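Here the chain labels run A, B, C, D, E and F in written order, and each chain numbers its own residues starting at 1.
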Amino acid sequence: MDTILQFFDTNLIMIYLLVFTIILGFEVISKVPTVLHTPLMSGANAISGVVIIGAILLIRAANPNDFLTLGLGTLGVILGMVNVVGGYAVTDRMLEMFKKKKK
Amino acid sequence: MDTILQFFDTNLIMIYLLVFTIILGFEVISKVPTVLHTPLMSGANAISGVVIIGAILLIRAANPNDFLTLGLGTLGVILGMVNVVGGYAVTDRMLEMFKKKKK
Amino acid sequence: MLGSIVNLAYLIGATSFVWGLRQLSTPDTARKGNLLAAFGMGIAIFATMILPMTGVANNYPWIIGGMLVGGIIGFFAAKKVQMTAMPQMVSIFNGLGGACAVVLAMTELVHYYDRTATLSSGQLFIVLTTLLIGAIAFTGSMLAFAKLQGLVWDSQVTLPKHHIVNYILLAATIGLTAYVYMGGVGLGMTMAIGLMVLSLVYGFSFVAPIGGADMPVVISLLNSFTGLSAAAAGLIYDNNIMVVGGILVGAAGVILTVLMCEAMNRSLFNVLIGGFGGGAAAAIGADGDQVAKTVTINDAAIQLYYSQSVMIVPGYGLAVAQAQKVVKELDDLLSSNGVDVKYAIHPVAGRMPGHMNVLLAEADVPYPKLLDLEDANNAIPNTDMVVIIGANDVVNPAALDEPSSPIYGMPVLNVWEAKHVIVMKRSMSPGYAGIQNQLFFHDKNKMLFGDAKDSLQKLVSEIKTL
Amino acid sequence: MLGSIVNLAYLIGATSFVWGLRQLSTPDTARKGNLLAAFGMGIAIFATMILPMTGVANNYPWIIGGMLVGGIIGFFAAKKVQMTAMPQMVSIFNGLGGACAVVLAMTELVHYYDRTATLSSGQLFIVLTTLLIGAIAFTGSMLAFAKLQGLVWDSQVTLPKHHIVNYILLAATIGLTAYVYMGGVGLGMTMAIGLMVLSLVYGFSFVAPIGGADMPVVISLLNSFTGLSAAAAGLIYDNNIMVVGGILVGAAGVILTVLMCEAMNRSLFNVLIGGFGGGAAAAIGADGDQVAKTVTINDAAIQLYYSQSVMIVPGYGLAVAQAQKVVKELDDLLSSNGVDVKYAIHPVAGRMPGHMNVLLAEADVPYPKLLDLEDANNAIPNTDMVVIIGANDVVNPAALDEPSSPIYGMPVLNVWEAKHVIVMKRSMSPGYAGIQNQLFFHDKNKMLFGDAKDSLQKLVSEIKTL
Amino acid sequence: MKIGIPKESQDNRIAMVPATMKKIASEQVIFLVENNAGVNASLPDTTFSEVATITDRATIFQDADIIVSVNPLEDAELSKLKKGTLLISMFAPYVDDSIIGKLKDHGLQGVSMDMIPRTSLAQAMDILSSMAAVAGYKAVLTAANHLPRYFPMMITAAGSIRPAKVLVLGAGVAGLQAIATARRLGSMVEAFDVRKAAKEEVESLGAKFVEVEGAADDSAAGGYAVEQSEEFIKRQRAEVQNRAAKADVIITTAQVRGRKAPILLPKETVDKMKTGSVVVDLASSTGGNCELSKDNEIVIHNGVKIIGNSALASDMPQDASTLFSNNILNFLKLIIKDGEMVLDMENEIIKSALITG
Amino acid sequence: MKIGIPKESQDNRIAMVPATMKKIASEQVIFLVENNAGVNASLPDTTFSEVATITDRATIFQDADIIVSVNPLEDAELSKLKKGTLLISMFAPYVDDSIIGKLKDHGLQGVSMDMIPRTSLAQAMDILSSMAAVAGYKAVLTAANHLPRYFPMMITAAGSIRPAKVLVLGAGVAGLQAIATARRLGSMVEAFDVRKAAKEEVESLGAKFVEVEGAADDSAAGGYAVEQSEEFIKRQRAEVQNRAAKADVIITTAQVRGRKAPILLPKETVDKMKTGSVVVDLASSTGGNCELSKDNEIVIHNGVKIIGNSALASDMPQDASTLFSNNILNFLKLIIKDGEMVLDMENEIIKSALITG
């Protein structure tokens, strides 16, 4: 209990940030027209590819001889990169449909 | 320049928080129907009465004999309290109008 | 432990502010949102009272006394105020918030200059910022209040070339702030007071040239200022909820200001550059020294929506705009919300006998809703709102009270006997008979300029959002 | 200095994510929003590359190699995929994101158990959470992909009493996680691998019973999981943008999932309890073993809005619903957006000769927009969308290809020759001639059930939001 | 094969118009049109010159294999025709079936267009429908022309005029068209019919169906249903009389095939009507829906004009002829294959229409 | 004071109806109505019994102080009236002002309702307006009844009928009403008038104004304006002839007060019209807008029916009489104060209307 309290007090601003980010996440999405559900899902998915940064950090910190870590890290980078690049590209393609008109 | 950078780095999370709060402030308001402009302004105004907390802190920390500070602080509390209580009450009255119908 | 609880309380308070504001921006939940924000404020104030502080005197009696006094004043002021005077009230409240920030900043400066406390250069900067912004918010709001309350005429508070005066004042204020900042603790209290006075003067002068009709926008902007000053004060006391709450209001206020300008079809710049504000809006309806009041789509929508009974008076303009189907839509919309909608058909409305009948039949308005002159004139005194759509001669009071008028003696619809009247037309130009219409300047009347179909369509969309 | 720049870059990146998502939720700005988010990601990745780290080997070639491989795969996969297979693709991408989190967590655990690194208890908790959530997102997404792609039948991946099996699996997974957490470093890698496998199995089993039609909802939920796992991973590396980005996506994903459920008129619980998903939606239009596909108002609105040409086929149902004015509104709305709208009037539509003419004239549809049978049938093959409003017999293909049908030989509108067809009616019941209509089960056709006026009104509102 | 179109003696219409003939005329199918046959339908002989031979009645009778006419030929003329000739017309055998014997006596074949089944499939040949639609439209115009009052509402400087009340009895094809037309002209329209579907059909044109309050009664279940419903129908009848008494215009179209038209407007009701009101009775040829109406006459009773006219389509001859002609064309297409007449008795439509079959 | 209402000899209307009389009848103001005066307007004598004395024509002529009639009395009858009697009628002195002399010769006073100024104020007495509105409405009904074709579009199993094209020339009161009525019936309506405001007025009824493309030309400034505008008008005239040739129905209402009606439809245009088309010429009494029209006759030219009728209001006598009567009432209110007749020559309306003043 005490550790939790302490954690809470020391990371207070971080927690504010998390709470506000969650609210922002809700807020930003809450009025989306149904048309955009799929592209939005896709776009959000691309953002979740941010996990790739973890893989990059992992590799950078790895011992150059620790091939296990390097291998796993690189696998992570590949997976993350597919998610990121593919995600943004596929979203863009979906959204291309929408540009046609609009007075 | 260096102090600014340092300030930036040490208060990084706080700055995230500020930026996100600003975005939240924008976001939350951005789709308000014109009808609600005045009540919303009033409600936001009541929130800005949060400055009263400063006055409370000021008084609490003041020397009990420092009547200047106590006096000013109490003035601050009064001003802030008028803003807070009056603000919420007046907003509520405005919004009462809206409850009449709504299928 | 207690500290954690306070922190948690602050977090909850801050979240309540955010969520409350969010709910405030939807009609359905607005009231709940306000309560939520108030709840957040209550929690935050309470937490501040119990916040663990070591070696302080607390001086609770002072605090509680102040809160009682302020609370009672605020409460009764809010309850007593007339519905129509709400914006003024908000303005006063906002000004007081700004004043509070000024008081806080000045107290810090007092201690700073009498060296009972020290301020780092960052803190000094923050304190001065609080002072500056708070002061502008204070006097600006007070003047805005006075204008809305009709205590001052626009012209009385404007100097020649006022916006240039304003630029100079602003420069002077900022310059003095910088000077005080650089000057350090040696400078002494006088300078600080000078800065305060200058800021207060600037706040006043900033609002002075802006027209009365634009006051709501200004209040919203000043509200944003108060928020920012609260946030700055929060930095002085290193208090999260003040910072977050203040910033939130600051940001929301800016956006709201912009939205309000948009709703008026003006740019913020256009409003702030001042002088044109009040003039431009009123000029449209000016005729000699008479001024016809205009109404925004938004206000018209609310008025209609919350009326018990509405009388629509169609005229030739309805036919020209071919707005008959939109009128029917408006009718349906209002009727389905329990408003009693009728049509007053003047016998000579339009350009041929039965012109209005043809149009309204086309839009499928049921016959029983159409009242002829006599029935309509009987019904009008009990009508909340009369909406005149492109009619003119047939609602001209000159027919009754101006023996020199060419239409003197013609029976007209006595629309001014209703509680409120809205006239939709494109301009102030006269109708078929070519004579000016005093109705437009009548106390109860507001103009809604624009093509009738257009205006009606906007009204319909607006009412749908209610 | 460089550290500050990286921090700033991260801040910009995180803000881009937020603002990008925000823009993504409005059609007008969606594309810009996606680009903005991509820009944020680019900046974040670049910043991570140059982030000052002391005493590390960097191993850039590995990173860049991996990025190239992944980037190329992702890019081409995205470019090649069929428009209709988009949701599958998103599902795969999402699964890979989850897999990446799993890889990261496993790497940490490897180091932890071979004692080349230590983890505080908090860190261990975070790593296990990352593993758990990432694994569920991974296999869940892969199964969702397989289902959408038609690689598996729903029934093949469901066990009897599957949701009870799921509860047990979930309990086991959480139990094992707790055990590993408590067990400490002595427990060894095997247990960790066991946990991973169990999590992967649970992810699979979780999605298994959910019907194919509900897959988009599931993908959105799993997307939220991936976001959370990224955020958790961010905590491992104490990296702000991962945390912020992950949490943002996590929250957005949850809301989006709820919205998607709402749009389908279902609760999230209802979807997740599984099994009913696919069945319920399709049941409405079932006839023996034939199933008529339905379309949501939303999809119908998009299809109409983005068509080049729309042919409206009115029938007796239009008259019964008295929907002629709403049809006109739809027409106006589409026409003003550049859609070419025509009406195909079948000679016997309605219940009297000229029935449709009377109605459409009442709504003021210009005569040149009305095509008779022959002209309409000539135009239909070049029409993007046919919208059938309460017509039935007059669009029944039995007239052409079913000699036993009582209407065999009657000329009908060959609507199935258009690219897409939507039929609006209240049920599957037959029309005047009392015979079933195979059109409803046609490949190109979707049903929009409900009173025609109602459906049209909803369509109009929906299109206005586009 | 030759198809003859004689001039109608009592009717402004013509059975086939040039635009339609063009669609089937060929070297095998030749049209013979009597002099001035179309002139009353604003189709002078010149308009036929491209698709038909203009000739005299006798030649047509001698040469034609098929003779198409709106109304049946006089009995006396039947003997002038070649044996085996196919007569296409509206014989109304359900009214008087002696015609069948007469045709057979002269060795003629007869197709009665009014015997074509009223199915969706056959609607393209349904002459009853197309003519009824014209009649319904014309009935309202006739009424409006005879009514000494406005149809639409008018609020004018010279006083306010309430809209005319129009009551349509019988909401079949003619009735529905009358409803639509009367609504167009701005009157208040009510209608009544005994068919179950009629209520929905009437309302689908935006008019009111005459119903007695408390119609929900018959949602009560069980054995009472029938009895209650009879009581209800009775009250409804009474209500119809009520409305009729208040109407400015009544248009009656109720017919029951092969039977005398039902009396929907007894004399007492007419007695209660306002002077100047108008009744148009489209059922007058089968006795009339109004007790007082006489076929092809205008009766004035108590200031109420009762116009009995079952052939109003003849008053709008050009479009009526066009529609009639199209119906005929669609039928001809059914029986003429490659220029030869084939009467396929397997075909439901031909079987029903060929009264001599 | 006694107000006499004689029976019209050539018209179905009656100058005053009971409902209106009731509003002014009193002990001082007594109405004398000729036997059967209202019968053609569906107002039998019984309907007058409460408000008027039914009597014979001679009595009325002897007793009445004011005589109101739709059409002027025969010249021969003027001598039978008391001296000083006020005659209220439509004398049309702008057509033939000899009537003024005749009235004066017999010592009579005359109010010509058609001389009342066309201002907003006087509209309640503007008989030209109320009658023109009836005429416009009736003109369309008449045309629709004579046209051998449908007005509205009909896509039916028996073929598709294109909507009738109606062209209205002269968009004054009658023209506008005709436009509205024709649009109601579902036809395609175009209209033309020389007045500047007409375009907006026509469009305010949803119809098309006949305009030549390139009307924007006259936005060009300077001295060319006039010349260009003449060229434009010429092209517009040509365009009107063009449209006329394609129209199914043409309704002409163009009049220029006190002058012969302008010829808007020369014979050449009629020559180009389709057989069966109909022209209704409301200006026929002043010579007609169509070169071929004859007042109160139906001329058939080349299969085109040209109906010349300037008194169509008489064909809808009941409502027309009501409106007329209201107009008269409003005028009577102006000149009768406390049962006495006061002809206040200061009053603009009375001054204009009193042709013998």
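The working rule: a contact is a pair of C-beta atoms (placed from the backbone, for glycine too) under 8 Å apart; a residue touches a chain by one contact, two chains touch by 3 or more.
Here the structure is a predicted model, which means the values were calculated and not measured.
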Chains in contact with chain B and also with chain E, listed by label, are C, D
Rotation angle, chain C onto chain D: superpose the C-alpha atoms of these two copies and give the value as a multiple of 5 degrees. 180
Contact-richer chain pair (by C-beta pairs counted) among D-F and D-E: D-E
Please decide if copies chain E and chain F contact each other with the same set of residue positions, more than half shared, or with different positions, and reply same or different. same
Cα centroid separation, chain B vs chain D, in Å, comes to 41
Compute the distance, rounded to whole Å, between the mean C-alpha positions of chain E and chain F. 36
For chain B and chain F, let me know how many angstrom lie between their CA-based centres, rounded off. 74
In whole angstrom, how far does the Cα centroid of chain A sit from the Cα centroid of chain E? 74
Scan chain B for residues touching two or more other chains and write them down. 13, 16-17, 20-21, 23-24, 27-28, 31
Multi-partner residues of chain C (each touching 2 or more other chains): 18, 22, 244, 347-348, 353-354, 358, 361-362, 364
Enumerate the residues of chain E that touch no fewer than two other chains. 123-124, 129-130, 133, 152, 154, 156-159, 161, 184, 186, 206
Touching residues (chain side chain A, partner chain D) in the complex: 7, 17-18, 21-26, 28-64, 68-70, 72-103
Chain C touches which residues of chain A in the complex? 5, 8-9, 12-13, 15-16, 19-20, 23, 27
Within their complex, chain E touches chain C through residues 152-163, 186, 188, 206
List of chain D residues in touch with chain F within their complex: 345-348, 353-354, 356-358, 361, 364, 367, 370, 372-373
Flag every residue of chain C that touches chain B in the complex, lowest number first. 17-18, 20-22, 24-28, 30-31, 33-35, 37-38, 41, 44-45, 48-49, 51, 53, 56-60, 62-63, 65-67, 69-71, 73-75, 77-79, 81, 83, 86-87, 89-90, 92-94, 96-97, 99-101, 103-104, 106-107, 110-111, 122, 216, 219-220, 223, 226-227, 229-230, 233-234, 236-237, 239, 241-256, 259-260, 263, 296-298, 301-302, 305-306, 336-338, 462, 465-466
